[in-house]
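Order as written gives the chain letters A, B, C and D; numbering starts at 1 within each chain.
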Amino acid sequence: MCGIVGVYCENESLTPHITYYSLFSLQHRGQESAGIAVVGEEEVESYKGMGLVTHVFDRKTLEGLKGRLSIGHVRYSTTGTSRIENAQPLLVKSRAGSIAVAHNGNLVNYWQLRRKLEGEGRTFLTDSDTEVIAQILATNLLEKDIVEALKELDSCLVGSYSLTMLVNNTLIAYRDPLGFKPLCIGKTDYGYVIASESCAIDATGARFMRDIKPGEAVIIREGELEFVKINESKRKAFCVFEYIYFARADSIIDGRSVYSVRHNIGRILARESPVNADIVSPVPDSGTTSSIGFAQESGIQYLEALIKNRYVGRTFIMPEQSMREFSVRIKMNAVKSNVEGKRVVLVDDSIVRGTTSRKIVDMVRAAGAKEVHLRIGSPPIIAPCYFGIDMSTREELIASGKSIEEIRKTINADSLAYLSLKGLLDAIGVDKRMLCLACLTGLYPLSVPGEKCVE
Amino acid sequence: MCGIVGVYCENESLTPHITYYSLFSLQHRGQESAGIAVVGEEEVESYKGMGLVTHVFDRKTLEGLKGRLSIGHVRYSTTGTSRIENAQPLLVKSRAGSIAVAHNGNLVNYWQLRRKLEGEGRTFLTDSDTEVIAQILATNLLEKDIVEALKELDSCLVGSYSLTMLVNNTLIAYRDPLGFKPLCIGKTDYGYVIASESCAIDATGARFMRDIKPGEAVIIREGELEFVKINESKRKAFCVFEYIYFARADSIIDGRSVYSVRHNIGRILARESPVNADIVSPVPDSGTTSSIGFAQESGIQYLEALIKNRYVGRTFIMPEQSMREFSVRIKMNAVKSNVEGKRVVLVDDSIVRGTTSRKIVDMVRAAGAKEVHLRIGSPPIIAPCYFGIDMSTREELIASGKSIEEIRKTINADSLAYLSLKGLLDAIGVDKRMLCLACLTGLYPLSVPGEKCVE
Amino acid sequence: MCGIVGVYCENESLTPHITYYSLFSLQHRGQESAGIAVVGEEEVESYKGMGLVTHVFDRKTLEGLKGRLSIGHVRYSTTGTSRIENAQPLLVKSRAGSIAVAHNGNLVNYWQLRRKLEGEGRTFLTDSDTEVIAQILATNLLEKDIVEALKELDSCLVGSYSLTMLVNNTLIAYRDPLGFKPLCIGKTDYGYVIASESCAIDATGARFMRDIKPGEAVIIREGELEFVKINESKRKAFCVFEYIYFARADSIIDGRSVYSVRHNIGRILARESPVNADIVSPVPDSGTTSSIGFAQESGIQYLEALIKNRYVGRTFIMPEQSMREFSVRIKMNAVKSNVEGKRVVLVDDSIVRGTTSRKIVDMVRAAGAKEVHLRIGSPPIIAPCYFGIDMSTREELIASGKSIEEIRKTINADSLAYLSLKGLLDAIGVDKRMLCLACLTGLYPLSVPGEKCVE
Amino acid sequence: MCGIVGVYCENESLTPHITYYSLFSLQHRGQESAGIAVVGEEEVESYKGMGLVTHVFDRKTLEGLKGRLSIGHVRYSTTGTSRIENAQPLLVKSRAGSIAVAHNGNLVNYWQLRRKLEGEGRTFLTDSDTEVIAQILATNLLEKDIVEALKELDSCLVGSYSLTMLVNNTLIAYRDPLGFKPLCIGKTDYGYVIASESCAIDATGARFMRDIKPGEAVIIREGELEFVKINESKRKAFCVFEYIYFARADSIIDGRSVYSVRHNIGRILARESPVNADIVSPVPDSGTTSSIGFAQESGIQYLEALIKNRYVGRTFIMPEQSMREFSVRIKMNAVKSNVEGKRVVLVDDSIVRGTTSRKIVDMVRAAGAKEVHLRIGSPPIIAPCYFGIDMSTREELIASGKSIEEIRKTINADSLAYLSLKGLLDAIGVDKRMLCLACLTGLYPLSVPGEKCVE
């Protein structure tokens, strides 16, 4: 997962700040690196760095990035290698001029495309599929205009790709025809803001216009905004995990409030898997909204069993072997006065490997809870994601090889229940043919080698 | 406000990690600087740096701080000047040997003491009252043992002072006789942990023993723990703001669960100042617990009107004048689907200057709320704090010069109500003679020049 | 100018240290950035950074760069833009595998080659001609073996190019057929060291074998060393400025000791342009060796008129306008006791813009010298270099537009004399058809658009 | 050894730059830390950091240090512990106001004074004798004016102490009555510059006025300069090693040109210990000037046998055991063409431990020299320095336990000769009662416990 931004702003010195604020609001989509590219006086310039947006950019750097058009990116590391070379936007020079690309998604046919390009003697400086996209676009632009070049690019990519790009003086945003990753646009007093989520539109004081449609491009040149249909697909594949976990609760994605979806999840979960208990509590922060829904539907008192340390960062270290066991305790702590002698329902959004769940259940039990019941706001994750969410391999997914009862025993809960797939679809309220449910069903919305397709 | 820690651990290499984890759990008490002092092989060593605990210490630094005794400190900047010289623990050498001091509190008679010491030709390298404490203690130790030296130190200090100190091979913790700032002790498998709050005891896997009593010292030498009464006062002055805002909700302070107090505050507030509304929402994060109590007592639905950006840090910059207005919007955003057309009750812990409250009310209104009612979990703050909480001057306190109705108009709420003093005392459940309520009453628990005393 | 290195060493953990020491000895060839690439267990890895070798690499980084084959680079910034993207070795992935390239030189037909590659839709991430070399080599390797690919690469490059490269498990060193930039090879107990100058061979304790011949490649695979003739040219074009200024005095380049050449220069200069004077002094450090020769030939006493501040670095700042005039004074200072009342001969290696020369003459005069005579160890520089030495444009070269008498007046010397071209050739002792003398004659050893060719 | 500076300048924004340039010219006196204190608008401020002057200060920091009075310091680490706490100027607050102290020297009775102050209950934050000086001065200023306070300070200090100090709006420079460390003053267009060496006066464009006399203070208040005699001693103790090694050759110290002294040393050494040889060469850089003198007196050709790597820094690392032997080779390299088949005289300033000398002799021999003769420009160092030069203990001094013939064998030279004490005194040209010769004679100019006094 990553977050992308595109900005057009008549006021040249305001542009980088709008991009910065947007990226800052998308920080939850990626904390590994951040970058901004801008069409400056003469050509496209970029600035990138490792770490959080507030760490990478200071006032002076931002003020040096003036221009009317800008794109930005926050990166979520999907592999172990964390290198500045992989930070985006990727900026290349070509016959067509400067091309900067910010990409959210993952190409399923990356190696196929790269091998083909390498077969022409081409070289690659990064390990990122974004460089493949940039090279193909540069080639297409040799003899085609931007719209045709984009169509040809789209025709050879397989996978998920929400993109914001600068080609000299033109800003392009594009969302793949299945629409895996969200992308939307808003209007400011001085221009436009395109971003992965509407919370970034809000953060800049812009007015939300609408979602970019799957297969649709937004092209901004000389201040003129144009929506262009590049490709079309009846089937859509909106990532269901944006609703379950990834997006910020105040975002509205493809017409559905993320907060409402999660609240519905909690309500439906309470109906599907009721439990006699004294309090309902979230696993903070991911279970907060659904636990509120669960409490309200069940009538059980909502009370926080766990308090999270707000300062937990990525850089935290686990030095001594004997201290490892405290790793969860340092991130969150049980509120004894709330759980002592109580039957506690913990609500979380999902279970991936199950190791953290076990530690949390143990912690609440150690704080005096009489019973600990776990309710999960999604069906079991049984299959890997090939579209940009780092969900480990099948072997690491606890639900891939174990029954629910086995999982319950492993994590030491008194009871465990997952939301049903139907319940999830009801909570979101869209047809299942609109969603990518691959990680929950094992059926993929497009052809992935070695996996079953949805139809 | 600051956070302090003291650790005795038989396992020398474990000691710095226990101190580190404790400090990390007290990070909310101070983000400006962090430091650890340890009794190493030969003498007391220290390491300090600006910023968060995870930023200041890395594995290598920690591993270099071996020893059985250690103290730690996180600092909250109360003045504009943020300098490494003021970071603690303060480590000095004296006739009595090495003395390291970590201090949470504020001396009312600091300048008086300093002028007296300067009158002897003494010099000061910092602007901190901690250096005054260290110099007086060093002088007292010339001819007295630790207990007597501590008694003499206590007799000349006026103000609040929870301390952890190392004097060569002895660890000392001391809490002033009025007990302004919290201090408690826990037991590990290898020794003891003393910390400002019980959440730090929990984070290290230690078992909570009890609060250090006001006027009581803990002395650990050669592995032996001793509680010593240094001074006694019938009156106590536990800081009421620890319960209202400052402490972490999972801490238990002087026998009262902070979470329960805040939950009670919400319940009592709902009874004292009911309102017809559709949803109750916290101002995140400070109003979360009391808003849950308010919702449960009032029967109004609990739903989050505002989502906070989890990545907001201290280093955030506000560059362009025209972007200033978005300062709150970047920190939190309204959830449109929750507030549209609704009558919203926002619950916050307190109001200091009122500027942020105004922006939040406006934001919720702009997101479509029909009415916005503000409920505050404490009485109005009308007087400054001289005991270590940075609460501005009287002129800056909105409630110091304005009636509640005037405040309501300023912050543009449909209704505004504060918790009564009686309600607050009921929520905490202790006699008012146990608490420092100076900021709410203007009556101070000890003599402060220019201010009225409580009796 | 840059410095390049290639290392084969059987002892995998020794390799990076040999590369590091070699680079460190070539630091005078470039201080902007430093980098090392190594064939690790699985693939080629690289580490690069801005600044000096000792700044970029620490023990831990070096120890992580194990392998049998390695190349290294120190970069001299020839343009204003100092960016990490331009640091070398450049590491790319291609059909042929990993290719790392370290380049000393400059391609005259860079833009022509780049435009051609861009015409195929190719993209570029750097502004460096090294990326062009890497792309062409990758293309050639599609269907050719290394020797043939190298021949084809050589056939399309125009300019200067001493290269060390890694292609998977093969180390390649190549020197262009005119041999502009030096390149030599030495033998260690565990393998080989290839470097720009012999001083780097010495620094690693290796035994000097010989210079790489122009048009010759060194190929090391599976421990086997092979010399391969790739191209041949009767004419050579050894850069004359390596002898005059650039190389370290303890290096032996193409069979001639740099120290001896400079000493000869001083002797011949003394014969060509004698002067009645009391002392001969170098302009430190560039004039040291030739001034010793001048003193010995003339019989005038050698005494230092100027002492250089050994700590002058690149990062030095010149803040106030009124302090600018001291810029030279901070770098060096006159020794009053040596120059007072004396007739002083200052010997320098060359004059580029003349501004520093003026300040030095003034400083020596201000310290009390009766007369200041300047002797220059090279003919006037009248034409720009297109082969990698940053010598400014014709407009900036003081000797390009002015007669020697005009220059003398400008720099305020009592007399000024340059070495003759014949004198320089005698000092070096090789046929002029072996050398590139373009900057001194305006005649270029290969075709440069807008310039005259040597024949 | 350290370098100190004091500046008065009417132009407030020029002051920090003059201090900076002065310090930069004294960089050879200390590379561990650098600092500047300035009397700003309201009070004395300071800025300090680890490393070189150019590293510690950037333009912005300097521009923030405006004021008319300023002092500066570069520190040479005499102990293993390199800590920012020990960086100077030391800035303390006292009854008398702000006191900043920069100190070059070493107090022999440091612990005695410190124990006395500790006996009053005083505390110390640093391990430096400078804090003792500051505390005593602060005490003296309680009831005395600056001159009397200085007299009282002087009366209790034993050791070497050249000082620059700020006491509120007064700049004070003071040199101890024996005058161990140099201190001189110059005049600028806007005020005065006081510095350890005259090269710093030159670097700022100031005109040298004179040396500060031993026992003399310079006091600058409200723009008025005053010289005040504080103490007097017939005997002086100018450090002989300033002339031999420490000072920059372009400085004039106590009326003697350092360059001339070293040149004389070489001449006398040639007369005292002649040798049949082909070339005379310095061990760079410390032997340069004396080797020139040696060559001229002996008539043997001056030619550099060794070239030094100009980029060797303090941060250099010696990783692999097997690479240790190259440690000298990386710092300098032999010029084969100069030494092959030759009888070489190497001239160095002194021998401390002898380990480097051995490596250098071996290196020149390995490069082909037929004979290697070592000539040392000082008598053998047989006793430690207690006045601020870090010369190790007696056990580590090679000349302390070995005869000259034994040393010759150890370092593998064909012949070895030291300068005689008489030769050294002749070279300097002052009465021996003016100099501290303790390290060469074992007789100390003031009473040091366990050592013999000179009279």
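Here is the rule we use: a contact is a pair of C-beta atoms (placed from the backbone, for glycine too) under 8 Å apart; a residue touches a chain by one contact, two chains touch by 3 or more.
For clarity, every value in this text was computed on a predicted model and none was experimentally measured.
Student: Of all chains present, which has the mean Cα position farthest from that of subunit B?
Tutor: Centroid comparison gives C as the farthest chain from subunit B.
Student: In whole angstrom, how far does the Cα centroid of subunit B sit from the Cα centroid of subunit C?
Tutor: 61
Student: From the C-alpha centre of subunit C to that of subunit D, how far is it in Å?
Tutor: 36
Student: Starting from the mean Cα coordinates of subunit A and subunit C, work out the distance between those two points in Å.
Tutor: Spacing between the chain centres: roughly 50 Å.
Student: Would you please write down the residue numbers of subunit C that are in contact with two or more other chains?
Tutor: As it turns out, subunit C has no residue touching two or more other chains.
Student: What are all the touching pairs of chains?
Tutor: Pairwise, the chains that meet the contact rule are A-B, A-C, B-D, C-D.
Student: In the complex of these two chains, what residues of subunit C are touching subunit D?
Tutor: 13-14, 17, 21, 24-25, 27-28, 31, 52-55, 58-59, 62-63, 199, 202-205, 248-250, 252, 257, 259-260, 263, 285, 288-289, 292, 295-296, 301-304, 306-307, 309-311, 313, 315-317, 319-320, 322-323, 325-326, 329-330, 333-338
Student: Subunit D touches which residues of subunit B in the complex?
Tutor: Answer in residue numbers: 84, 90-95, 99, 115, 118-125, 127, 131, 134-135, 138-142.
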